[in-house]
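Chains here go by letter, A, B and C, matching the order in which they are written, and residues are numbered from 1 within each.
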Amino acid sequence: MASVLYPLTVPKWGIEMQEGTVTGWQVAAGANVSKGDELIDIETDKIVNTLEAPVSGVVCKQIAGEGETLKVGELLGVIATGDVTDAEIDEFVAGFKPANASFGIDDEPAAASEPAAAAEPAADSAASSAAVRVSPVARRLAKQLGVDLATVSGTGRNGRISKEDVERAAAASAAPVEALVTPLTSRRQSIARRLVAAKQDVPHYYLNRTVDMSRALERKSESVAVNALVMLAVAKALVEHPLLNSHYTSEGLAARPTVDINMAIDTEQGLVAPLLREVNTLDAAALTAASRELAERARANGLAQSDLESGGFTVSNLGVLGITDFTAIITPPQTGILAVGAVRETPVVSGGSIAAKPLMTVTLSADHRVVDGADAARFLATLASEFDSL
Amino acid sequence: MSKPDTQALEAAYRQMKTIREFEERLHLEIQQGQIAGFTHLYSGQEAVAVGVCDHLSDDDLIASTHRGHGHCIAKGCDIVGMMKEIYGRADGLCKGKGGSMHIADFDKGMLGANAIVGGGPPLATGAAIATRNAGKGHVTVSFGGDGSCNQGTVFEAMNLAVVLKLPTIFVFEDNGYSEHTGTDYAVGSKDIAGRCRGFGMPAAKVNGDDYFEVYEGMREAVERARSGEGPSALECTTTRFFGHFEGDPQRYRAKGEVERHRAERDCLKIFEARVLREGWLDDASLRRIDAEVMQLIERAVHEAQAAAPPSLGELTTDVYASY
Amino acid sequence: MTETTFRQALNDALFEEMRRDERVIILGEDVSGGAGGSSGERDASGGIFGVSKGLIFEFGENRVIDTPISESAIIGAGAGAALAGLRPISEIMFADFVGVCLDQIYNQAAKFRYMFGGKANCPLVIRTAMGAGMNMGAQHSQTIYPILTGVPGLKIAVPSNAADAKGLLKTAIRDDDPVVFFEHKALYNRKGEVPEGEHLVPFGEAAMPREGDDCTVVAMGRMVVFAEKAIDGLKDSGISCDLIDPRTLSPLDTETIFESLEHTGRLVVVDESPPRCSVASDIAGIVASEAFGALRAPIKLVTAPHAPVPFARELERAYMPGPGDIALAIQEVVRG
């Protein structure tokens, strides 16, 4: 043997032994022992056994005392097979490193804590031999919905309560929900009344068209808003198609002499649609300024009664809220409303190649009593070309 | 008995001593946690492995057991390569993929240790079809414990070997215990050789603690196999100095049994007493061999400890020849 | 509740059932140990893992039977004794040894009831230790339950904790069908709370040891422990999971898996076996064909590689799915 000092380490008895407790030394320190002599009684969770001397020599150091629990491979004592000094023994003990593996079970790498202990013992697996048999998901759902499992009959495997059973029980027992009632504001009442009437009285139909906004975006600046350009394009199209700027009466179609457009605005109190007058006469910057001023007043609840008059047409733009296309309800007595979606970079095939273009979908709701589909379509065609010539 | 060849005697002693010290050292290494896994030591049974394998060349094939280190060494496997394998190193005999229970060395005619009791005899039987067809007089040997003689696979292999008159020898090492259960309990007839004869082959029972008895018993079986007369069996009674596996507390053994066996039935001591008494070898040459063996084992442990583990890329290699 | 080891919970189950029903017998290699040989201790091993310790002193050699190393006879005799009215527990020391006696399991015990037109009763329990992680090499480390889960007529139990070990084993012993009961070697020393008194766990009913919203993790045997660790470790990163422990692989509680998936929409299945024809691939297949609509992300499997179990410690560690692998898979399916 290379060294005259030999470590006595906790042996590995049994396949899974990981540690042992010293229950006693059978020899005194300094005893002469022969290979095979019984040295230390060690207890594991399965047995008590005796460690035998691995080599002949003198037990020069006893390290582990009675009752001490050590891992497999850790130092219990030292046997000297030749003459050594105390200093050499101390050095040996200080420098001793247990083999890197007590082996046995390769337990979870870096097992710092027992996860099982941290877990809520909950209504889990183990307890499920109790009276009610229920799938774990159903149990969770019942807790969420406040369903008493004792009242649920199971239709799952072997009569077990399934998720579906709990849902059914919840639906059956659901008391009519006491909804919290908030009184209607006058604006809400007005919106409700007018739109119900509009939907009932006006035979709506809807057309949509996608327009190229490249030009509009080029023109966009700090003083020119895209929405103002939309309003402007609509105004010009209305000039060309006066039918859309007239409205139905029992006597006949009433044409509007000026191009006045309501602009739908979202406020905290609800939807309002103040009027921009003679839009076709304004330039883009003026229109931008006017509509900004109007929107500010609308949100500040500072609109005058005159601002809320009905024009000949309405534009509603939900593009800023990410809506790509939608249909709007006509505000009587008007004939049309244009629902404007978001401008999106979209691949367009043109001349056999693909290019990204900013496209926008607009949807016209029109009153069939006033205007037929083809006429409305031509209005949209004009609108589209207006965007190209901005 | 006339004086055997001195060199052969020295070689036999060296092999037995190498097995012994290899295993005794492993016992220490395992107790200190240096070696992982499930290890079954051969100490006490050395005379069987060496007495059998001394009749075999590298072209004769053996199939071994879970307690296979002795068979490997007796068949000529490299000691350092074995130690590295048991340590799970990249340049172990099986790249660290097999471990103690799965050492093989085909260059030495060692078809592999086997962790399934009764797994080897059918393999050796099949290998004997190959050596028979090759027609060069090579034989195969399966080792098995007393436990294996109760497996159906072994019965089937013995019958097939007789039916086909194959050049194979079934060696049974009765070390007294099938794992933790006594042979006298588990082998109903208490007569393994007799059971083998029932299949229609000659079977001898020898004292497995005595190298010379094993060697002589094997001589006849090998001659018979080489001359195409068919299989034989050899029952060797022996003892193991350690547990079924390393860590086995051996509560099934009476107190003092192992110490008594070590004192009275140590095949190395029996061999030494015989060669000294007969004057075939002298003490000095035995001690010289002892020292050389200790040096070799020390070197093997040293190299194994220093060797690198397999790279993780090895995890999925060697599953197929091609895929 | 009492805290006890997985091993002790199994031992308690054996004692309780053998006291309750004298038709229950146990047979296998060293189930007591120390028969014959020199006069060492009787019951020297109580099974190589100590699970059947002490039984022989109370129930005697007619009911606690040490066998030779003869796996085919251990299973076949168990099956035959079951046909003749006993309720045997046959122990195969390591699950890998099923290779030696597969015929008696899958051609014999599994098929009796069906082949004999429902007349045969084969209440056999096969207990066996499985799993890698102890450097036992390619023939002592496998989790072979996928092979047997696919056999019609067999029931398969794979407990992951002490309470389920006890409750499932007692159910297995009382079950009239052949049950293969897999005990992971690395769990034997693991402690857990076990309910006092009679404790039975029904077959085909999963447990859910962790609850969450983002992903459903299905794991079995020791992988449940690793999955718990992975899931607990993800808490801080805001990911929570339903962890489903099926407890029996046949019958399989697909209902609970589907129900959970309706909630989470994402599935990770963890299996210590190699991936092909594994329980992981089986569950993935069932979900893909029967609950595809619930999935919001591709299913991820965490399994051993398509290779035998290697010996070297470093390779074996890489072989086994660990908490890190599971956490990674969960993050991948949740974050896309």
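By definition in this document, a residue touches a chain if its C-beta (ideal position, glycine included) is under 8 Å from a C-beta of that chain, and two chains touch if they have at least 3 such contacts.
Predicted, not measured: the structure shown is a model, and the values here were computed from it.
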Central subunit by CA centre of mass proxy: C
Counting contact pairs per chain pair, which pair wins? B-C
What's the distance between the Cα centroids of subunit B and subunit C, rounded to whole Å? 35
Whole-angstrom distance, CA centroid of subunit A to CA centroid of subunit B, is 65
Provide the list of subunit A residues touching at least two other chains, using ranges where the numbers run on. 14-15, 101, 103
When you check subunit B against every other chain, which residues touch at least two of them? 36-38, 251
Provide the list of subunit C residues touching at least two other chains, using ranges where the numbers run on. 48, 134-135, 313
Complex contacts: residues of subunit C adjacent to subunit A: 1, 5, 48-50, 133-135, 161, 163-164, 167, 185-186, 188-189, 192-195, 198-202, 204-211, 225-226, 228-229, 232, 242, 244-245, 247, 251, 253, 255-256, 259-260, 262-263, 313, 316-317, 320, 322-324
Going by the contact rule set out above, which residues of subunit A touch subunit B in the complex? 2, 7, 9, 11-15, 17, 36, 47, 49, 54, 72-73, 98-103
Subunit C-facing residues of subunit B, complex: 36-38, 88-90, 94, 96-102, 114-118, 147-148, 150-153, 176-187, 250-254, 257, 309-310, 312, 314-316, 319
Seen from subunit C, its contact residues with subunit B in the complex are 29-30, 33-41, 44-45, 48, 66-73, 96-97, 99-100, 134-140, 305-308, 310-315, 318-319
Residue ranges of subunit B in contact with subunit A within the complex: 27-28, 30-38, 245-249, 251, 259, 262, 298
